[in-house]
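Shared between the two complexes below is chain A, which pairs with chain B and chain C, respectively.
Moving on, here comes the complex of A and B:
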């Protein structure tokens, strides 16, 4: 189950953070997302030789903590998407699929002429779309 | 994994260290028997984690975290390292080591500030607030609380609840307001904080007032941002201009300011703004008598809304007027000192720059919002002194050109006045020629400032003891004596041009209008003048042969390919040197003398010049364009292929017209101009032909016309003489003759002529040809012209005294 999704700008500032948990550890998820940026930086600066050389790099599993798994995705404008999930058996393809849909939603939100680039995303439509994607992620992987 | 965890938890107590290395096992009770079941790796991991979770020793935890902190730092994983640091700080906090905790929290907070993670920063600031509360540092507490209250956390409580945020509480707008109220209670001097464990050392009172400084990079800029814009960038001293002060705060609730003090770099302009709604707090101290006081009807700061105040300001002192600080008093014990910022160069607010909220301009006028500055330039007051330079036309090369400078006061008295003089080449080049060899200039300067003379006709003893006078080649500094209003003073600049070139003369007067103190304000008046330097005279010369006497110069016959042929002079023969001087300026000149100086070798003068050093009887006036000619006789004494001829020295001076003279006490200076004569080639002429005839003839009376040929060589010369008849004369003698002239001797041919007509008549044309040198000679028309009187004339002679006119022909 996805507990947190985040959009981080190229200056490593959070543009959008959303937690999907009823538990009390929402702040801890923020910490996890923040720390995962280090891993993203490292992956970006030292690209793996065997990695795919696509522009929209799916960074894959960034690091596992004891309870969570963190996945990362880098767009070509250096905007990062971070996904934190508690599922232990997550298929790679599902995550890629998730990020693809998430990226589409992000692009739509940023294309809004009232959105100022570099500032936080405050669109409610985006929030709804994201929750839909998150819900459907849980459904598809459960199957 | 979670299912099995529960099972294992039950079996945790039964895990025992193994007999064999590295292999833990579980001890199971089966009835009365004990069996060992080896643990799988997963089970062991669960066991280990559970064990560690129950770990309570903080110092061990801190040590472990420190190791991981260092490890992550080495990997340059800054955020992970700071997360470990954050956890370390939480441990310190838990064991009440507040100063260590505060230090770690501070470093973590700076990272969150930089990267804009507001919720994480909120959490850390909550801890920092508690630490400062426990440490009793009221200033830190207030700073952290204000920063917390001004964080961009805009979620209203309930949408996303962040529990477990530490002492800060949930990150919500409501909580920000709670923090805001709490900190303002503390600022106001109330120390009542419910959760406080009896720690009263956060008291802010009259004995412990609080003073916060917010500079350009402080995180507290979100709490109070002060923008100052002058409406004009340049103002005259004493002229009022407007200044707009704009304040912005991101605190969630309205803030009431009691008093604002605006401080400038020129402290006479400082003023205080009092809140009109709280006049009683205006009885605050620190209001010096005589300080300007303004009252603003409203001094309330609302969230993210600029508070704009516009006031008039004027300054008497020239220079830069800059608003430095805005000091706001909130309550009796709390002061915030904010550095003023210009709207043109204001940085974005940290953290808030990522928020999508309305941005407004500090001033209503958008141009001021983009280009307003917190400083303005106050000009110097206009000087009321006249500085005049009078120049009487172009300067002539070689003379000491006088330029009078007059300083007259029109409204200001002149204290400690200084006159600076600068000479600058108009083309930007210097006035020094580094390596040119100029035979006539004594130094290598083109234009030189010779001196500055004070009031003319006054002696030197007038200069006071403290007056400065410094003259260099192109710079001069002189002090001007004290002048009252309406008085004037003048001096004269003496400048000499060594080359003809235009020069800019810059004269600037610096003075204090009011007092003689060294740091009184100085005013400046500048004047510049372009002065042309011109060559006054052009000297040219010409060699001529004497009248009716022609020495044969071989160099003249042979065609020489060299285009620069030196003039040739015959040895020991008189040649005429005609020197002419032309006035090529627009100024009339007076010629005093023209002479020829012969170069003296060690062996003595190499040539003799007649009339060389005689002055003119009276100075000759040369109007512009006129030429003055003087005749000299030159007799070379030495036979040299290159004979230095010496120089023409001309002494002259400028003639001032009536009313043009700069000062009746002075006269124009004399100038000596030299013109070097080129070298000449002296040769011994092999043959000299001279024609002799009387100065005039009388009709009908015969006279003798002699042609003398001198042979100055060792060789026999064959000469052909041809005479053509002339209509006006009867000739007796051979028309055609070939004569042989013996070496070193002369041959004279004489002809008797009788004039038949009167007036200016042409003598018979003579042609003398030498065979050896294949050269011929014919006298010029002037030489062959003779005046014939109809009858014997009677001349009246006057006594000329010492007559200077010598007749060459009489030789």
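Moving on, here comes the complex of A and C:
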């Protein structure tokens, strides 16, 4: 089950944070997202493979902590998407699929002429689409 | 003549040069944003968009008549149909439907289900009075004025404000007969 998604700008400023569970402490989730940014920077600055990595966007599992798993995705404009989930067995393909759709929703939200790049995303359509993507992620990985 | 118009709208659209829809949408969005920054007042921006549309319309009508080869419309009903099916299709790539005719046949509504100008757009709370597509009302008003019809075009429904479609009300105020610029004694 996805507990939290976040969009972080290229200066590590938060653009959008949404938690999907009331049970856990929102502050703890924000803290996890914040810590995972360090891992993202580390991965970006020290690429492990020297060969051409075509899909540099998907960073994969950043680090497992307690009962959460954190996945990262980096766009070419250095905007990061962070996904925090409590699922124990999550397929790589599902997460990639999730981030693909999330990226599409993000691009549509940013294309709004009234959106100021670098400011928080206030689009209600974006929030709805993200909720839908999160809901269908749960279904596809359960099936 | 009316049955010919719907088909020729698609045919003309296939033959004119086209531009990428996203480029068009983003450019229009940038224009509106810049107007808001420069003028700051939502009412002023509405007026300016209408004026810009008017300037486009008075020039666009010639291109429309040249490319589409429609003959003179017999009455205002036909005019509205031609605008909705041929004109909008040719320039925006979408057709509108014409409804809500009043008793005299001088006032109707053009309903657009789909509008390429507003893709990705969400109005922020500070701009709630803004008619984002006001340029369209100016274009129609300008174009009709060049063919001797004075009209008033207003927005009835706007999807950016929560309605389910875009509805433009076009009201014919009067038909202005051709005026010759030459006076008799010159």
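Simple rule for what comes next: the second predicted complex is superposed on the first by the 137 of 143 C-alpha atoms of A that agree within 3 Å, B and C clash if a C-alpha of one lies under 4 Å from a C-alpha of the other, contacts with A are read in each partner's own complex, and residues count from 1 in each chain.
In this section, a residue touches a chain if its C-beta (ideal position, glycine included) is under 8 Å from a C-beta of that chain, and two chains touch if they have at least 3 such contacts.
From a predicted model like this one, the values you see are computed outputs, not experimental measurements.
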- Message: Output check: A:34 vs chain B and chain C. Expected answer is one of first, second, both, neither. What do you get?
- Response: first
- Query: In the superposed arrangement, which partner chain does A:122 touch: chain B (first), chain C (second), both, or neither?
  - Reply: both
- Task: Name the contact category of A:14: first (chain B only), second (chain C only), both, or neither.
- Result: first
- Decide which partner touches more residues of chain A, taking chain B and chain C as the two options. B
- Task: Examine A:66 and indicate which partner it touches, taking first as chain B and second as chain C; both and neither are also allowed.
- Result: first
- Message: Just checking: does A:108 make contact with chain B only, chain C only, both, or neither of them? Give me first, second, both or neither.
- Response: second
- Task: Check chain A for residues that touch chain B in one structure and chain C in the other, and list them.
- Result: 122
- Would you tell me which residues of chain C are touching chain A in their complex? 22, 25-26, 29-30, 32-33, 119-124, 127
- Query: In the complex of these two chains, what residues of chain B are touching chain A?
  - Reply: 1, 49, 72, 75, 77-80, 83, 86, 115-120, 123, 160-165, 171, 353-356
- Item | Residue ranges of chain A touching chain C (in the complex, touch as defined) | 108-109, 111-114, 122-125
- Task: Spell out the residues on chain A that touch chain B in their complex, using ranges where they run on.
- Result: 9, 11-15, 17, 19, 24-28, 30-31, 34-35, 37-39, 41-42, 66, 88, 115-116, 118-122
